[in-house]
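Below are the structure tokens for one structure; questions will follow.
Each chain gets a letter, A, B, C and D, in the order it is written, and its residues are counted from 1.
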């Protein structure tokens, strides 16, 4: 297995017409938008993909459709995190059949658990997985900030790397330091603003939500960071900062980044802005703001 | 619909032989143990029932089996909380068919959400539920401490009452005060030590995990509280306090109360102590402690 | 030393004309109001007394004045918590000279520390204290929730008891259980709504902020709880609940309970409503609310 | 006033022989060690300086001694944060008289307060300060994460800049973005690992605890970052990372970074390792570790 996770991998949104219906045209548009933007892979059914809010049936349908549309032009990673061990495996097996390249695993998120319990869980799960896996740290949603020991255990069990969405830069530096002699173990940030530093310090890429809207911006930023072109990084980062201050900052839902991103894709004519429960789409006035912000950012680019 | 939730309602554990197999003999024993202990109802597939860790198939099988065994001798409440709206409905519909009496609803627990989002969620869900529902507040697991406004909204939508497992006694007093003129709206604590005060101040009952082991103790405590027999309450409460200090306090898992309770049931010969992932059963030395503690508590009773 | 801390001990507010000037007439009025209300002691320079916001000079002046006015009619407890060990001792020595009866000690509150560090601190401090001490648990302000082990250590070092303002009823029950064979070790709640249960379960009293305004109400509630007159407790508790919902709930400062209480004393003509920095007195419209609420509560009494 | 805060400014430790006695020889050695290491200024009586644990008398003595020893060779900043407004002013006035250049202000740290309360506090305090001030954000100790609005207010009131010790890199990026058109408003990190990125993105310096031990390392790192010499930054940062993993990581006190740093200075023969209460110096075995780690880091340099 010589898949290495790196570059810009958007956590692809899940276009929906209702909680039971995929917006197929939207998926088609979005896949095309992302691949033509030059991204290095897709991560579907993560937090931004609203996976836990979707039925297993819908998740499987979405996996099949996406893999078919991507048609091996880029690696597809599939989030399988679920509170049920068997549920996770069911999704993983479907991903394998559909032609996905890897799965992404975070702690089962209902029960608060210990690092030891998580390590045992990974040991049991990894044994049955039909595809290689990327570990996923997102304590705001799973209640567990994965200790370095747990990441090391995952690596021993064959993990391809870790995606960190803790927002904790000290942690990210510790991870970089810990695995500096294992360049094939991918260190991926889920906090897009941290990407340039991560790349310049030996990390591998970003699962950057904003790349759903502006894939090219993030690919350019990644390349500038790879080339240590600091001036260009500084300029491009301003656009990312602008995203944080505008599109990511409408309304007061803790999920406003995801809702704002889907609304932006809808404004761009790419897909429907329907959100799976418990989230709800933006109001007309909130959508107006997104429209305005999109215009402002496009001028920067 | 004149079901009123009250009294001692154990959050029944889910006896398992493996993650895919129900321990049927264990279920039979446990139902019999609880009903002969005089409990006023059963709450299955809650947090103590490890519901999120079980596949939908297993959950349904367990609902059917329990309803059949209970055979209308006591109300059966079924936890349907799930991150997927459709998943919740699927379980609810199965519960209706199996003959359950009500469902229990907590916030979908992956995405942190606002009170407004939760209210909209309840509005949409309640419209489709085939059975009446009890609202369930457990912020340690769902990340949302239900505001009084949200509880009032649930009541408007027909909720039978609220189970509060926040451990926040000031909140419980606020709830009691808010609904003091609605005696049919059940106020149930999930913190068993708070039960006597709750009952003496107009509350209705407890979903008390310890009643899995000692149903009679909790029923006696409930009756003593109903009769305002303060001396008896004081004596019986000592046994509950002892549970906290012993059986609930082995190991260091955040789920140690549930694991300890299942281990105790296993020591008593009632059911298997298998835990669904990500939890794991106690080690031999931890089990020894549970054995010893059970002996000590039995002497108190 | 046979002082036992019990009953209703208001955490007396500090009447001020400015950050440098005590409102002497206000102090006189307030001491008189409290003692004629039948309280069992006074606790000055606690959190409600805004002690950390006052200069040492002002604190000493206030101690002297209060002790003189009380003139041994009730025990006076003096808060000495400070981030500086020498500062704490300085206040304690002044309290001794002024005729106070005991001091109150919480963790020094700038540095987050461990239980072990707190135990060592208590060991060193208690050795030099000129008066007996009450331990004070208020993790919201000191960042340390005192473990049972730390409370036991304090008791070994001679502590008269513990005041708990954590709001954590499970903790309070654990404390009651732990010290049930030491009836002289006073267990005092700083959460006034918990007082009846505390008293009925073997506890000793309350440092109840609301007793600044309505000392008689709290003394009556204490007596009803002592006599296990449950009906009377239920009636009186409604007035306390009303305080929480009204006077304690104006504005959005985390210190709104203290600001509201001082405003109420000002409305009653007892003292000035000046708050030491960083707090600020209520606006005219907030004060109007306090006036209205005071009227409503007086009707209940 | 044209002081600009920038470069490496160690938060100088306070060498003590006891809680009442300054280790004067240690202060002399430490000032000399830091200045000869090339630092751009000194920040005394901050968190690392254990200021809140020291009496006012000792703080004043330390200010006078340090200012005298520095003798205008570098700017001296003095922490004046205190829970008492008058206490803060007293220290500030002494700092002015002793010849210090600026003061450092964090929220008064006992009462949790709102942003509005903090803004009013700054407005009142700044009016009376005899020296310019640097704002200081350290929510772990003060309970208040200063909002951008509060930082803007401080700037309007004349603040020289902000020191951020939140460890929150997203916040730091927001601050950089907010003040990008005010290059004289100094943005200083208290998280030393973040310094290179901060400098390369327009920030001004670091109040870096590790510069107490290795001033030259941090000055070199600062210069490399200023010159955008990324290779050199990467090499030097490894030594800083090593500090985190070793000297900052002994024992389990939340203050272990400060205790470890003082122990290291003691091992180096610079000053006594006495800690003001509630902290305590390392045990012999912990000191052994510090000795070993110092050796390892020196080899890297």
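To be clear about the criterion, contacts are C-beta pairs under 8 Å (C-beta built on N, C-alpha and C of every residue); 3 or more make two chains touch, one makes a residue touch a chain.
In this text the structure is predicted, and so the values were computed from the model without any measurement.
Undergrad: Counting one step for each move to a touching chain, how far apart are chain A and chain C?
TA: 2
Undergrad: Give the label of the chain whose average Cα location is farthest from that of chain A.
TA: When every chain centre is compared against chain A, the largest gap points to C.
Undergrad: What whole-Å value do you get for the distance between chain C and chain D if each is reduced to the mean of its CA atoms?
TA: Measuring from centre to centre gives 35 Å for this pair.
Undergrad: Taking each chain's centre as the mean of its CA atoms, how far is chain B from chain D in angstrom?
TA: Chain centroid spacing, chain B to chain D, equals 51 Å.
Undergrad: Can you list the residues of chain D that touch 2 or more other chains?
TA: In chain D, no residue touches at least two other chains, as defined above.
Undergrad: What residues of chain C sit close enough to touch chain D in their complex?
TA: Against chain D, chain C makes touches at 19-20, 47, 50, 52-56, 58, 83-87, 90, 107-114, 117-118, 120-121, 124-125, 140-141, 252-255, 276-280.
Undergrad: With touch defined as at the start, can you tell me which chain A residues reach chain D in the complex?
TA: 167-170, 173-174, 177, 191, 193-194, 197, 200-201, 228, 230, 234, 237-238, 241, 244-245
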